[in-house]
Amino acid sequence: MNIQQDIRTQMMETVKTVKKIKPMAGSITNTVTINFVANAQLAVGGSAAMVYLPDEGAAIAKAGSAMYINVGTMFPLYEESLPLTAKTLYENKKPWVLDPAAIGIGEMRTNMLMRFKEYKPSIIRGNASEIIALAGLWSLEGGTGKSKVRGVDSTDRVCDAEEAAAALARWTSGAVAVSGEVDFITDGSMSAYSYGGSVFMEKITGAGCSLGGVMAVYSAVASPFIAALTGAAIYNVAGKRAAKKAEGPGYFQIIFLDELYKASAADIAGHEFILKDMQ
Amino acid sequence: MNIQQDIRTQMMETVKTVKKIKPMAGSITNTVTINFVANAQLAVGGSAAMVYLPDEGAAIAKAGSAMYINVGTMFPLYEESLPLTAKTLYENKKPWVLDPAAIGIGEMRTNMLMRFKEYKPSIIRGNASEIIALAGLWSLEGGTGKSKVRGVDSTDRVCDAEEAAAALARWTSGAVAVSGEVDFITDGSMSAYSYGGSVFMEKITGAGCSLGGVMAVYSAVASPFIAALTGAAIYNVAGKRAAKKAEGPGYFQIIFLDELYKASAADIAGHEFILKDMQ
Amino acid sequence: MNIQQDIRTQMMETVKTVKKIKPMAGSITNTVTINFVANAQLAVGGSAAMVYLPDEGAAIAKAGSAMYINVGTMFPLYEESLPLTAKTLYENKKPWVLDPAAIGIGEMRTNMLMRFKEYKPSIIRGNASEIIALAGLWSLEGGTGKSKVRGVDSTDRVCDAEEAAAALARWTSGAVAVSGEVDFITDGSMSAYSYGGSVFMEKITGAGCSLGGVMAVYSAVASPFIAALTGAAIYNVAGKRAAKKAEGPGYFQIIFLDELYKASAADIAGHEFILKDMQ
């Protein structure tokens, strides 16, 4: 059977199942884009629930179908909330998505990201600089403590993060998605490029965060690789369509949510992606 | 005098007075929809102020005309802030709206919601599951600790929450609003159904939260029942109008704020509601 | 040389340089409008990074080109974060913008605003009431502890805050921007009025906060006075344009972000301002 066709069938199924069962993917995420994450999760058919406290993180981890953890803005109580929630997810075999936002800023963020290594996130989503830095922090191939992270922006190219992404995916037995002009998704053996999107996605805050939240929703009903690829695909479809209607980032963000909502399973599964030749 | 007509006259007065005196309704609310709450309060003509600290909650409770408390996202300091603020509101006879968002998740949320029983919120707004669960927590009729709450979504029907709503309203001597496809508003003796809205209201986060914030604004100048009914009415008017112009949840949310702003006192007071037959 | 023309040339340069080098202006800001601040900073060509923890505030202060501190919503950890961050900015000679939002509410806010006196913010942006109250808190001319602050709204006129603004600017050797129907910008010797904007800017939350964030971006590449005037100018240009297309505050806010993005250096530098006669 054609592997690309098989992947498309799984993506189609993923989108349809989410719209049907409305899985809850809770979040511990930053306060900057928390609203956008929730609205994106709802737009694709999922259900959202955001928490901060340790016991609430654990409760949502158990009650939900998947979870999203984004370390973009750290609070002191995360010292307890994040490890407990990640541990609960890991022990209960719940899929979860890690966004190592702004890796490198502050001691607690570094400590938390270090702790996550043992709780193996199902999907890690970040920009090229963040993926390289995380692989470095976890002492994996392709990583370096010296990636060109600057705040929350990437200063590395997606292609330079492929080795780090593959190494992270092999460690977690999950998938890694590197966001950029072209998205790179890998599970350590199979890899794909997803095309599309819009330059406006870098002119709004939260395109990456909300994509992580959407991948968490999809991970509730699909393998990490398919969930990550489906998330990248719907973002690239919706981004491209919204960009055609928008003159600026404000309107773009609004119409982007509409396009997330309107994109059909066929649109998403049929969106252009290319499998990378594997050795 | 026709009671329905009398209610409409009071609603008309409520909307006009708010636009004229711009009452400040402060909030302690969740970080997910805090922006939407503030913008909705401003759109209907009120003034907003959001705080977290205990002494600030008490200060805003005293300085403002009404207040909104939503327990959607709990922080450790709420252990102090929430009871102190609620107590200050109660002792100063300031109207306040409680949104028992995500009741059932975490120990602190449960404790706080338990504490609120003695500080009798003027209006309680929630979905059917939340209202049933709160009545259960407060050991009132119609309540159960076993409502079908799942995260922040309702899994009960509005009609199944009527008894719990009435019991809560009788306890607080205030009003209770159950949000859903049809809204049910009761003060324990008089009850009304408000129609309209849009399915998009469930596809965005914060329709319920912001409605609570708007009810708080109206409660500054009207009885709890009238304030709750006026809030439900403007949301149903604006939701219906916005839905006609929107293709998705992103644009809907934006236009919904516009429609909140544009709805006239006559539009709101004239909106369809039905009084429930009372024994 | 014509001083007005010289100012326009500097404003033009400021806008162009920001779009070219994309300076990072980190923030510690309130949770209500944090998303809007980040999106406005991105729209004008800057880069954003929001933090809460003390060591992260200090790290961003050092790593970024400028910073924005807004005390709109206080958290307990700000007791450490705010003074450390402000001190780091001051010692590293990094420009920073202070927004004394809701001055007068709560003990910690007052203490923090008092502490900032020694760390001399490059730009102070507030409404008339806030500027008068801050000058009063810092025991400067034109200030009073009795300004008519009510929550986050101004109840004083911009013209009544001119003396306080000038005194604050002389103390900091920076600039002060008083926002209102007409904006007043002063560095203590030179002063300007900037016209335009829209009444909708008071019907949305965060017009002032995000303006402070944008001024921080501009302060990375210009003097405090030019940065503040350029910020006021782009806000007045974009506000005026967006208001022509909007029927309500929801759509206004979205289109306003688009207009921030679309405004050219010539539009901004050419926007009407009047220098105040100086003695």
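Residue numbering begins at 1 within each chain, and the chains themselves are lettered A, B and C in the order written.
Heads up, the rule we're going with is that contacts are C-beta pairs under 8 Å (C-beta built on N, C-alpha and C of every residue); 3 or more make two chains touch, one makes a residue touch a chain.
In this text the structure is predicted, and so the values were computed from the model without any measurement.
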Fraction-based call for chain C against chain A, same above half, different below: different
Angle of rotation relating chain B to chain C [CA atoms, steps of 5 degrees]: 120
Cα-centroid distance, chain A relative to chain C, in whole angstrom: 34
Contacts with two or more other chains, residues of chain A listed in rising order: 31, 35, 75, 253-254
Interface residues, chain C side, partner chain B - complex: 30-33, 35-36, 72-76, 102, 105-109, 150-153, 202-206, 246-251, 253-254
Complex contact set, residues of chain C against chain A: 24, 26, 31, 34-35, 38-39, 42-43, 47-53, 55-56, 59-60, 63-64, 75, 77, 253-262
